[in-house]
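What follows is a structure written as structure tokens; I'll ask about it next.
Order as written gives the chain letters A, B, C, D, E and F; numbering starts at 1 within each chain.
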Amino acid sequence: MYLPYFFFFSLLLAAASNALVQDFCVADLSLPAGPAGYPCKKAASVTADDFAYHGLAAAGNTTNIISAAVTPAFDGQFPGVNGLGVSMARLDMAVGGVIPLHTHPAASEILVVIQGTICAGLVSSFDNVVYLKTLNKGDIMVFPQGLLHFQINSGKTPALAFVSFSGQNPGLQITDFALFKNDFPTELVAKTTFLDVAQIKKLKGVLGGTN
Amino acid sequence: MYLPYFFFFSLLLAAASNALVQDFCVADLSLPAGPAGYPCKKAASVTADDFAYHGLAAAGNTTNIISAAVTPAFDGQFPGVNGLGVSMARLDMAVGGVIPLHTHPAASEILVVIQGTICAGLVSSFDNVVYLKTLNKGDIMVFPQGLLHFQINSGKTPALAFVSFSGQNPGLQITDFALFKNDFPTELVAKTTFLDVAQIKKLKGVLGGTN
Amino acid sequence: MYLPYFFFFSLLLAAASNALVQDFCVADLSLPAGPAGYPCKKAASVTADDFAYHGLAAAGNTTNIISAAVTPAFDGQFPGVNGLGVSMARLDMAVGGVIPLHTHPAASEILVVIQGTICAGLVSSFDNVVYLKTLNKGDIMVFPQGLLHFQINSGKTPALAFVSFSGQNPGLQITDFALFKNDFPTELVAKTTFLDVAQIKKLKGVLGGTN
Amino acid sequence: MYLPYFFFFSLLLAAASNALVQDFCVADLSLPAGPAGYPCKKAASVTADDFAYHGLAAAGNTTNIISAAVTPAFDGQFPGVNGLGVSMARLDMAVGGVIPLHTHPAASEILVVIQGTICAGLVSSFDNVVYLKTLNKGDIMVFPQGLLHFQINSGKTPALAFVSFSGQNPGLQITDFALFKNDFPTELVAKTTFLDVAQIKKLKGVLGGTN
Amino acid sequence: MYLPYFFFFSLLLAAASNALVQDFCVADLSLPAGPAGYPCKKAASVTADDFAYHGLAAAGNTTNIISAAVTPAFDGQFPGVNGLGVSMARLDMAVGGVIPLHTHPAASEILVVIQGTICAGLVSSFDNVVYLKTLNKGDIMVFPQGLLHFQINSGKTPALAFVSFSGQNPGLQITDFALFKNDFPTELVAKTTFLDVAQIKKLKGVLGGTN
Amino acid sequence: MYLPYFFFFSLLLAAASNALVQDFCVADLSLPAGPAGYPCKKAASVTADDFAYHGLAAAGNTTNIISAAVTPAFDGQFPGVNGLGVSMARLDMAVGGVIPLHTHPAASEILVVIQGTICAGLVSSFDNVVYLKTLNKGDIMVFPQGLLHFQINSGKTPALAFVSFSGQNPGLQITDFALFKNDFPTELVAKTTFLDVAQIKKLKGVLGGTN
């Protein structure tokens, strides 16, 4: 009696047998990526582990001057997000901790406070308006793609937040690193930012920049 | 000496004065949406409050049979995400709680466990493989767009998770609601799902479906 | 007199000689796909046959319990659609035939009835509204991406339809297959669908599921 | 016993009550469209009729010199496709009928032959290769976005085909109409096509062009 | 003899008469924009003038401290680009002129030097690499979306360049303006950039910032 | 004192060490492209030269019958634009020069006149309206994706323009080449364009077409 099913199923299976599994596309990090992401692992070798990631479970080390740590789960760390338009990161901020002014060139961000109090801000490009909010546990905030923003632990206890992105690799451009943590010639930094040479040299000293 | 700046700035401002603030597009929910989202509020009336949302701070009420609650922060609740390709929701699951089998027709999802232990699963369309994971505090998991998935509190304490989406309105289609919580004629449900009529009628009774 | 043309044409040809043929991107199925599809065959080896497909010309075998067959022309079967955002399938439905409740996770669908009478329906995620239509020869219907829908031959003769999709690989997730045609543990199916265990076991028996 | 459900459901409904129905976006043709399509009809006024269209059921009138007719079901005719990335048209071709050389500026096309024999061709932009195929009943062919193509009834009986598109409004630019069925100055047509003035004037006469 | 054409043409015209002109979507700036741009002007009122813009023909006024001017032709100035994914701007740089460090949050940029010599640079987010090039007349350079970059007139004559963007409104976030030309509290600027308070106050003085 | 920085930086660097540089994706032309473009060069081997291109600095050779030349900087010539959604070309037009009627199947175009006077036009697909503009130095014009357009040097001096595109490989389909510069059978050209056979043969003779 169940035999006739065979025809229907086998037909579908035959059709599918050389079809692509486009339900998902777990990254094969061993191959070169393209503009849309990495090539997909073969479906047969995908397991449940490819869809989960344990790397955000532990707090980042905040024993540093900014008293904060960013732990990413982008495509490079979590290949399961490849092609899906989402990724995540964990923010740990000790008392007084700060995530310095930065942008994500390729994605918008949404943040949820899990613990502590965070003062966050973003600056519009249109008219340089600064939007500031103090966020408590359970509050969420959105940071539009490409705009400068920051987070500060403004409370008296450590703060924890998770941030999600509208892309598998949002990028992270910390303004200070872009200016002072490389060989960007001091003269050019001065010319394009109006900062004093002494100020530039001081921060290059701190961050390890040269030139 | 600073006067000459005036020319440069005023030029930019003049140019910008009738330009669109496309840095962001906070939804004006009073106007009809289009395929890409809602029309934007005027920039001048946007405030920091538009980028933050407090509605996920309180736990959802889990005093119900599924012992769980989903609290969304989609474009309808949180107009600041309009056009940004992200949104969020809060999952509260009492002991034994379950988010029934469902899909998000229009977005991929990434989940982070804040408290408790969650058993989550998804089913591929290609060959109906079930991918199951038990997730603890700090673990994350990704659910590809449109695929059936579920979450169960598999621990002995309440569980809390936040989920983010790759779109401002991911949709939420709970399979049981689609089948049994409406006027979907029992005969058609039976014909298209192979479920027994008695089973259908029983669940329609529970969920308030008719026909 | 025509000689001067040479310069103009040769210039263009020289420029083009190492350019990509992005007019189209016929899939090279021997290479791993990425999120946007398969790598392209070399332009020089593309022929007219790459743009056409004969596999939908024959009726699918409907001698099975559902009295229906789906024959796909997705990227895996018809490499010419790679990168073009379209694909197609053929639906054959004997008298009483049914395409069970399913979704396409990654595309919207448009259907045209070629022969017979088809009752089709879709369920919205927003408020679980069931939209039902009876379609005759020449009628078309659209099924939005990711939403549950079905087709039934509601006439007294065989029915034939062609469906097109807004993507090269729309996916096909038949709800019954996702639940009962795999090793999805019965206990979890019960917990996430509210179905009775007996019902689940019965359908697992029919469809070949285990656990 | 079923009372507790109330809390869960009411929570979801409350959340959804001011949310957008982005499952679909049936066009409100009375409002101005934007780059992504028309504003959406209110969900409450959407009916099953919005997802179906009867306008392709009747053959187009082929009593004309080209012995052919194109009947579109784009967003303007079939508002249900708005925002879904698909649309359709019907091609009727009497014996000797031809759909003249044309492009769809905004979509790729997939064609299925329902009746008769069609010779179809497309020209690549890269190296002007002409790809020609003779298609019989059930054969399908794909025409990449923006490329010149045509269809000819090459059989001895009327031909019928349905074409689908990767967009809600693919556009249709018939080369002859663009050149000869308007006020495109003859001198400019000659200069930009190398056609003889006499040829241009002849076809302008046939197609109603001026200047 | 030409009469039969009437049927074919009238059919197409009838079909098109209530269709949208999605060939283009000239912005109606009087209506609120959405995430994809502005609503379209009615086709009947579109003229050739809508596709052209004269505002970049005149040099910007470079009599200011940076000795440079940016003149945009974004959607707000040139409504014809609405929905087309392109826009343009003109850069005038007197001797010693500089376009300060900035990003375009929503688009990539391609620049062509028309006159003079320009030193341009961009900084990657990945590892803060500075890529520097000296460009002469006819040279082009590309700046990926969202990354910090700048242009300096490094020659001994005025420089002129045109820049194009991969979007209708790329945005322009000048780092100095975001920090010093608003009411961004000095304490927060210091905390999120490590700059000295004196430096911040000095530049706020120059640029008109407060707090 | 600066030591603690080490932890913060090393954390980020460790995280990034196996991450993709999606800031940009310079094309590796030695690998096959996909629908979204070419695979990316390794970040470590990218240099400033990858972001700049010198090939448009020299005028194209206009000593030909059309007295014009198009010099492209698409992904094939300028691998730095891969994945960035922009590209460029240079138009040189001697007195009387003309860029014949053509389309770009895959991108919109924006043109800026650098020297001379150009008469440009485009034809809408909707109702075959011809939009004509005479452009002088500094004027810009936009040509929507896929629509037929042309440029003519209508002045008394050579003309120079740069055009930018909303894609890395816009394609270029010159109508005359598609019809007459290949083996498109004369009979089919006649049937699908209504052109006289003599006219077709004449232009095939000029352009090197056969059949």
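To be clear about the criterion, a residue touches a chain if its C-beta (ideal position, glycine included) is under 8 Å from a C-beta of that chain, and two chains touch if they have at least 3 such contacts.
Source: prediction; values computed, not measured.
Considering every other chain in turn, the ones in contact with both subunit D and subunit E prove to be B, F.
Seen from the C-alpha centroid of subunit D, the farthest chain centroid is that of A. Just one of D-E, B-D or A-B has an interface built like that of E-F, with over half of its contact pairs in common by residue number: A-B. One inter-chain figure worth recording: subunit A and subunit D are separated by 41 Å, centre to centre, where each centre is the mean of the chain's CA atoms.
Distance between chain centres (mean CA atoms), subunit C to subunit D: 20 Å. Inter-chain centre distance (subunit A to subunit F, centres taken as mean C-alpha positions): 34 Å. Counting partner chains per residue, subunit E has residues 16, 19, 23, 31, 33-38, 105-106, 125-126, 132, 144-147, 171-172, 181, 206 touching two or more of them.
By the contact rule set out at the top, the touching chain pairs are A-B, A-C, A-E, A-F, B-C, B-D, B-E, C-D, C-F, D-E, D-F, E-F.
Partner subunit C is touched in their complex by these residues of subunit B: 98, 100-101, 103-106, 119, 121, 123, 125-126, 128-130, 132, 144-148, 150, 152, 171-173, 175-179, 181-184, 188, 191-196, 199, 202-203, 206. Taken together, the subunit B residues at the contact with subunit D in this complex read 29, 31-38, 60-61, 63-66, 68-72, 74-77, 105-106, 168-169, 171-172, 181, 206-208. In the complex of the two chains, the subunit F residues touching subunit E come out as 13, 16, 19, 21, 23-24, 43, 46-54, 56-58, 73, 78, 80-81, 84-88, 90, 107-110, 112, 114, 122, 124-127, 131-133, 135-147, 162, 164-167.
On subunit C, the positions that touch subunit F within their shared complex are 2, 4-9, 11-12, 15-16, 18-20, 22-23, 25, 28, 31, 34-40, 42, 82-83.
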